[in-house]
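Note that the chains are named A, B, C and D in the order they appear, and that numbering of residues resets to 1 at the start of each chain.
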C-alpha cells in the first residue's frame, strides 16, 4: 500500500478479504499514519517508497497517494517490476502521464487504473449490452456528475480543474461506452463558490462532445446538489437507450399526505461501494492469474488527454479537437 | 338519462361528445335537478320514469340512480325495449338482481353494467395479456381498494356492506381477470369509524379467495388512507405477474434535501377518468353498431353474488362457498 | 378556425365542449377540407381569410395553418380586431414575427401562442414551485426533446431548422422556467438521415446555454428514438431539482423471467393531450372573461429569437449572444 | 461455528472482517466439511459439539445447523455459558423451543436469533418511523413472501410446513412492525408441486391476520415466481403507509421498442446481503460490548408460536386464536 489515506484504507479492507492476498507493507509520508494502518493490517510501516519497492516479497503496489505524485510513483514501481494499481488520474500533465505509461510498458508490468465505475454492476451490464449490439449504432451520450457539496477551495485550486478532477470519471465513461471523442466545447462558472472565479476555477460546467463515430453528447458537472450524489450516464443508439442512475434508494417507499417519498444516495462511497470492491478484486485476482488488467495505464492516458482537452476548452472557450491536443506527448507513446 | 346526479352528469358530458348521440330526456325524482341538467344538455326534463320510457325516440337509458332503485329501473326499461346502461350494483339483493336480469334477457335488449375499471387502459392491457396466455396458468390474485376518506355514516349504514359497496369493484375484477371464486373468508373491523360497529358495519376488511381454477387470492378494502386513492390489482401466473397500480403521478419528480418526492392520485374520478369515458363510449357505439356489450347484467349478477357472499362471510365469520350462496335465486337464471 | 388540418381539428374538439363557445366558421385553402370539418362542427366553410375576418360574429380566431403563414394571418386578424390564438412559431423570420407582434399590440387584441407544454400539469406544478422559491437560486437547466421518427425530408428542408422546429418548445421552456438565455453554442449532425447534410439540415443537435442569471444548461434534440417520445426537462437550484418526464406508462407493470417492464408514451399527442386541451380552454375562457392570456405573441417572439439564435449557432459553429441576435428587429418592439 | 454449511460459511465471512473476532473452532457432523472450512478460516475442526463447547476460549457460538437440531444445540451452548447466535426457527415444536429458551434464560447468556430482515436497512428505517409515530395508529399489515423456485419435495416434507419454514420470516415481521397477532386464518394449495398434496404440504398459502391492536393484515407465501425473489411488506397507519420492496434493480434502465425494462433481484442472498452482514456484526459487537441483543430467543419463541398457529390454521381450516395456541408450553416461560 502506497498512501494510507481514506481511499487506501478502503482498498485495504477489500484486499484483506481475498484469499492469497496479504498486505505486507504500508508506506505513507506521514509516519504515524503508516504505522497506525500497518498495525491494523498486520503489515510493516515505512515512509520510504524506495524501501517498499526494494522488498522482493512485494509483488504489487496499490497507489492511493495525492494525484500529483501518481506518475512518479508509477514510474518507480514499474522500474522495480511491481504490478501496479493506481488511483486516477494518471498525472496532472500529459507529459508526466506519458512518462509513466512508457515506464510501465517498458517494464511490462501488470497495470490498472482506478476508474471504478467501469466495475459497477450497472455499467458492466450496460457495456455488455452495447458490445452485444443491443443499441445498434451509437448516436448519443449524456453524463451528469454532481457532488452534493464542494470540497474546500484550497483543494479545488490546484486539483487540475473541474473537468479533470470531477469530470474525469464521466469522460472516461464516454470513451468506455461510446468511443473516442473528436471534439469538445465547454462553458462553466463559479456559481456555488464565487471566490473560485478569481483563481480561474469552476464549480459548474457543461460541455458538448462530438465522438469520432458521429455520436453527439453532453456532459454536466457540478459540485453542489441539495439532494445528494447525482451520477447519471446514458447512451442512445438506433435501437434503444441505456440509462444508468441510482435515482432513489430502492427498498422503502414512504406514503403520506404529501405523496410518496424515497431517500437518495448521498455520497460516492455509498453509490459505488460494490464497484470499489470489484475493481480491487479484479486487480488482485488478475495479477495472481496473469490476466490482462483493465483499464490499463495506456487507456487511462487517453482518458486523461480527453479530460485535459475538455478543461482546456472550458478555460479557453475554444472548440478543442482532441486528436490535436497534446499531440507532441501522445506521439511518444503512439509511435511506441 | 335516468338520474341526474354527479355520476349521471359525468356520463352525459361524455355522451355529448359522441357523434350520433343525443341526450333527449333527463329524468330525476328531483324536478329542479332534472330541469337544470336538461337545460344544460338541450334535453327535456321529467320526474316520471314512465314518461321517459314511453318516448319512442328514446333508444337507450343510462341509469345512475341510487343503488336500491337499479333493479326496478332496469326491469321497467327492459320492458319498454330500451338499451340499458346501469351503474353497479345491479341490486341490493340477489332476488332483485335476478328479476332484473330475467326481464332484460326476456326483452333481449342491449345491456351493460358500469364496472368501469374493465375499461381502464391498464386493465384492458392486463386482461389481453392474460387471455393471450402470457402468464400461463393463473395462480394468484390480489386486490387492494382503499378510499382516502369514508363517506358519512348515514351513507354507509344501508349501502349494503363494505364488501358490496366498495369491494364490489375488486371482486368483479377477480372474476374478470382470474375466473370464478369458489370460496371466500373475511374478517373486518370498524377501525376508522368505531361508531359503525353498533350498526354491524365495517370500514376495513380483508378476505381470502379460493378460485375454482385453484388460484388463491387476497382482498383488502378500506375507507381511509392518508395518502390518497389506493387501488391495486395483481395477477400471478406460472410465467409472470401483472401489477396494476397508479403508485404516483408519473410526470414530475421533486428532489430536495429529504430525497425524491411524487404526488399521488387522490380520488377515483382522477384515477379512472379515462375508464369512465371509455365505458360510456363503448356503450353508445356498441348500441349503434349492434355489438354485444360487456359486462352484461348477467355478468354483473355473478359479480353481485360474489360480493354478497363475501359480505356474508365477513358478517358471519364463516367460510362461504360461492356456488351455494343464493342458489335458489341463481337457479332461476341458470336454468333459463 | 383558420386551418382545418389535424391540429386545428384537435383544438376544435376541445372548443365544442366549452360552454359559451361556438365554432362558426372554418377557413382552409382547401375547400373540401374546410367543408368537411365545417359540416362536422355545424359551422360555415370558407377558403377566404378575408371573408372570415370580416364576419362581425367572429370574436376570435384559432390559427393552425402552416408555420410560414402564421405572421400574415396574425397580422390580418389583429387588424380585424379579433382575439388570436396561433400555433407556434410566430413566424419563420424575426422580421415577420416583429411585424405580427406590432400589429397585435397596435390593435390591442387578446393574444396567445400555442406553447402547450406550459399548460401541462407537471410543468404548471414545476413552474409554481420555482416561482414559490422552492429551488432557491436557479443554477441549471437541461432539456431533451426526441421524436420517435423523423418527418419526411421534404418537410424538414424548409421547416426552419431543427432547433427552431423541434427545439423551439424546449427553448421556450428554458425561458419560461429559468429566464432569458445570454449565450448559446450548438453542434449537430445528420445521423439518422444522412441525406439531410446536403441540405444543411440536422436531425440531431446538442447545445449549451448560459442564462443571464448565471445558470448553465444543456439541450438535446433528435428525431429518432426506438423507444417512443422522449421529452425531459429539469431545473436545478441551490435547494433542489425538478425533473419532468413521462418515463413510462404509470399503471401497468409486467413481471416475467426477464425482469419488470413498462410501456412508454409513443407520441406527443399522447403525452400532451391534457396540455392541448388546457391551453385552448384557457384561451377560450380567458377571452370571454377578459383575462390576460399567456404566452403572448411578445413572449413567443422572444422564444423565437432564442430558437433562431440557437439555430444560427448550430449552423455557424459560433457562440451566439442572444441579445445581439436580430437586434435590429427586436429594437422595433423594445422601443415600442 | 456450529454447522459449516452454506449459511454458516456466509456468516464466517462476515466475522473474519470484524476486529476483535476470531473463528477458533468449526464444528460439523461431517468431518470433511468441518476440516475444509476450518482450514480456510485458520480454525480448528471438530465433529463433536461437546468438544467445542468445552473450550474455555470459545466465547460465543454461531449455530447454523439444520432446524431440527437448533433447540438441543442452543440448550447445550447455554449450559456451557456461551453467547449464542442461532438461525431461525428456534425449534420445530413449541415444546423444544420453550426448553431452549428456559435454558438460555437460566444461564443468562447473550442470545440472538437470525431474523435477518430486522437488520435490513429498509426495515430498520421503516421500524424507526413506526416507533417515532410517523404512521399514527397502525391499522393494516401486508406481507408477500415468494421464492423463485421450490426446494426439493424431500426438503419440503418435514420442513415444518410452509407457514413456518417460509412464512416464519413474514410473521416475525408482523410482530416486529405491528405487534402481536390475535387470530389467524389461512388457506393453501399445492399448485406448483401437486405431489405435495399427498404429504399434506403446501407450496402456496394466503392468510388473514387480526392483530391485538385491531389492525388487519394479509399474508401471501409461495414457492414459485417466474420473475425472481418477491418479498414485500407494508404497514398502513392512520397517517400514511410504509412499503418495503425491492421491485427492481435500481441502477440500469433499458429502453427499447417494447418500452422500458429493469432487472429484478433473483435470490434472497442478493436481496438481504447487507442484512446478513448487519445481524452478525450486531451480534459480535454486542457480545463484546455487553449490549442486549435482538431478537432474543424469547422474542423468537413468540414468532415461532405465531408461525405454528398459522400453520395449524392452514392445515385445519380453523380460525386459530394465537394466545390459546400452545398455551401449556408458553405458560412455562410466561410464569418464569
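Everything below uses one rule, namely that a contact is a pair of C-beta atoms (placed from the backbone, for glycine too) under 8 Å apart; a residue touches a chain by one contact, two chains touch by 3 or more.
Just so we're on the same page, UniProt names per chain: A, B, C, D = Inositol 2-dehydrogenase.
What you see is a predicted model; the values in this text were computed from it and never measured.
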> More contacting C-beta pairs: A-B or B-C?
Replying inline: B-C
>> Among the chains here, which has the CA centroid at the largest distance from subunit A (Inositol 2-dehydrogenase)'s centroid?
In response: B
>> Taking the mean of the C-alpha atoms as each chain's centre, how many Å separate subunit B (Inositol 2-dehydrogenase) from subunit C (Inositol 2-dehydrogenase)?
In response: 41
> Between subunit A (Inositol 2-dehydrogenase) and subunit B (Inositol 2-dehydrogenase), what is the separation of their C-alpha centroids in Å?
Replying inline: 58
> So which stretches of subunit C (Inositol 2-dehydrogenase) touch two or more other chains?
Replying inline: 225-227, 239-241, 247-249, 253, 255-257, 263
> Across the complex, what residues on subunit B (Inositol 2-dehydrogenase) touch subunit D (Inositol 2-dehydrogenase)?
Replying inline: 139-140, 142, 183, 185-189, 191-192, 204-208, 210, 214-218, 220, 222, 224-227, 230, 236-241, 317, 319
> Considering the complex alone, what residue numbers of subunit B (Inositol 2-dehydrogenase) touch subunit A (Inositol 2-dehydrogenase)?
Replying inline: 225-228, 247-249, 253, 255-264
> Can you list the residues on subunit A (Inositol 2-dehydrogenase) that touch subunit D (Inositol 2-dehydrogenase) in the complex?
Replying inline: 13, 16-17, 19, 40, 120-122, 125-126, 129, 134, 239-257, 263
